Amino acid sequence: MTANHSTVTLPDPRSAEAAEPPASRIAKMATHGVSVFYGDKQALKDVSINIYDDLVTAFIGPSGCGKSTFLRCLNRMNDTIAAARVTGRIDLDGEDINRSRMDVVQLRARVGMVFQKPNPFPKSIFENVSYGPRIHGLAQSKAELAEIVEKSLKRAGLWDEVKDRLQESGTALSGGQQQRLCIARAIAVDPEVILMDEPCSALDPIATAKIEELIHELRGRYAIAIVTHNMQQAARVSQRTAFFHLGEMVEYGKTSEMFTNPRQQRTTDYITGRYG
Amino acid sequence: MSSAARTRWNDPAMQQRIRRRYASERLFRLAGLGAVGLSVLFLAFLLVTIATKGISGIDWALLTGSDSTEPARAGVWGALKGSLLTMLVTMGLAFPIGVLAAIYLEEFAARNRWTDMIEVSINNLAAVPSIIFGLLGLAVFLNVMNLPRSAPLVGGMTLALMTMPVIVIAGRNAIKSVPPSIRDAALGVGASKMQVTFHHVLPLALPGILTGTIIGMARALGETAPLLMIGMRAFIAAPPGGIADPATVLPVQIFLWSDEVDRAFVEKTSAAIIVLLLFMLLMNGLAIYLRNRFERRW
Amino acid sequence: MQQASGHTIKAFDDDMERVRALISQMGGLAEHAIGEAMRCLVQRDSQGAEQIIRDDKKLDALEVETERRVVQLIALRAPMAGDLRDVVAALKISGVVERIGDYAKNIAKRVPLLENAAKIEPLSLLPEMARIATGMVHDVLDAFVARDADAAYRVCERDQAVDDFYDSIFRTLLTHMMENPHNIGQSAHLLFIAKNLERVGDHATNIAEMVHYAATGQHMADRPGKSPK
């Protein structure tokens, strides 16, 4: 039967809506008036953003605008920098991560991080992925640990490529594979939020595309926040975007609106390439 | 793009410049080779002299016999055992203390004036002449603590004091050279500071630490002055039983024999030097083997 | 919203300028064609009319060129926000202007058929109607180049005048046709010409909506002067 235009079904408009949660939804992580100081210098001014489950939130902006600094606040990685001081409130499921008695080690298991340059441990692939579950005691037996490793590698889209060589060194993989290994490592501790700091900037376009597709698949399980200096990537991958400039969060909204009709002049200048 | 004045690489002036560059490079290579050759020459001269004088003296009797007034019966076994025991004490004290101090100073201590001062002090300690340590050993270990004189225990403790700063410095540098990305990765997965340090940083810093240890131990093995000060200079006929028994070490033995009037001891001295060198090579070889085993590429 | 300054990549600015220039050029040609068609109609100039028909090819070529440039710009520059809206608007506008040119060609085709027509009132009204319509086209394309949403809005207000002209001419011609069946041929042509000019006015308001969206990112709330008949 030849197809004619009466047999073509229009896409269900509700399926696009399903990607957008209702406005009343509770945020997975909420920040209120977060500022970061390095000594006397203020790197971040009063940022208030929400990160939602099932959504990818992108942070864009020129170099040095504070987006990476902000990302690192979300899992308290700025604690490792002696001169850094964080003020304001950051909530995970309503609990303040800085003031409450939340253990920073536990926080970092719940809020995982993937870095700009792939940094697998100089150990075997298996040890890389199993390290997190081991130190947190997530597996009762060796069999269970192996299961966790397999599940994480499968979710990261790396299992088929490495299942026969789990004992080989993690650093022997290609750049894109290493980054997926780092994602598997982050997933292995069963986090609730995954933070990604320019995860594709050191990768070639094909590896980048694989990671973007992976982010799309992970979106259903984890709340994802990604810092990127590549606007097209932010446009492809995220549903919410925040634009940072000189330490301030200038605009935050739906990605589709941000890139077709932004509200702030500064945002327009940046995304149309009129900045700098 | 202006069409004027592209660089004329084929100009004679340019060519002259380039030739001069290569000429100065060749000159430097020659000078470097000369410097290396000169040092090797001296070393070769030393080795050849010792070898010719002493090679005939190496026999089983030398290696198994203890010191004796008769040159024919004198052997290095006692000194060898003393050296070994002393090295064991030195290692056992300097390595753990040095490594732990390095870890604490690099990873856990705050950065303030006090830690800066400590760093300066440790750097200075590494440069202090060894005989000062001998004086320290004499004053504290022997006079105040009344430990047995001339024992490998005291010798080891004194040498440990001397070796520890070297290990701390090497350890700190090795730890500093571990890339922060590894630390970040471990922290990101939720490792505590202790776990980051002992699961990730230390294994990667181990090759560097072992190198520092090798250097320190090699120096300690050949030390004579401090051990003389704490009394490991007596004539000891029987090899030491344990670390508390009076003993002597190989360098001191060589020193004592070289002082002897009897000409027969000359050959013995050279032979003992060969033994010392071999012992050192063996120790270094072992340490390098261990370092290579632990080396990881990242 | 005004574009603050040029792109960091100057070639991007050049590309956008070229597209705008093409639109301006097309607009000029279309306006000229309509004006010429009216002149040929009034002066019964069949030679001139043939020239207009031949010249329409230039407009078609420009539309093809515009489409090519826009597609290239989207592929190579990945325009965002205002730039993207501008470029998409340019694509749509080029199609509309080409159609306006086709109307001029259509009018020119009827000129030889009206050589011996009588001088009736509609014949003298049509040039005035054309003047307003081409004025609308001129102003709305200026608004596009200047990214002026308000100017675009004002253009829409003038469509009412064009529609009124059409209504009046329609009634007159109807009467004329009823008076004498002999007149029907000529009147029918004049009616079609009037209809074409009325469509030109409508197209100008369509372009105004595109300009408004490109400049502000919002669709025009309601078109002014659109009263039901």
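Going by the order they are written in, the chains are A, B and C; count residues from 1 in each one.
Operating definition for what follows: a residue touches a chain if its C-beta (ideal position, glycine included) is under 8 Å from a C-beta of that chain, and two chains touch if they have at least 3 such contacts.
None of these values were measured; they are calculated from a predicted model.
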Partner chains shared by chain B and chain C (touch criterion as defined above): A
Per Cα centroids, the chain farthest from chain C: B
Chain occupying the middle, per Cα centroid: A
Distance between chain centroids, defined by C-alpha means - chain B, chain C (Å): 92
Between chain B and chain A, distance of the C-alpha-averaged centres to the nearest whole Å: 49
Rounded Å distance between chain A and chain C, as computed from the means of their C-alpha atoms: 50
Where chain C touches two or more other chains at once, by residue number: none
Complex contact set, residues of chain A against chain B: 75, 77, 80, 82, 105-109, 112-115, 117, 119-122, 131-132, 135-136, 171, 182, 185-186, 188-189
Chain C-facing residues of chain A, complex: 231-232, 235, 259-262, 265, 268-269, 271-276
Parts of chain C lying in touch with chain A, wherever the complex brings them together: 1, 3-9, 12, 78-85, 217-218
Contact footprint of chain A on chain B as seen in their complex: 110-111, 179, 181-192, 195, 199-200, 204, 296-298
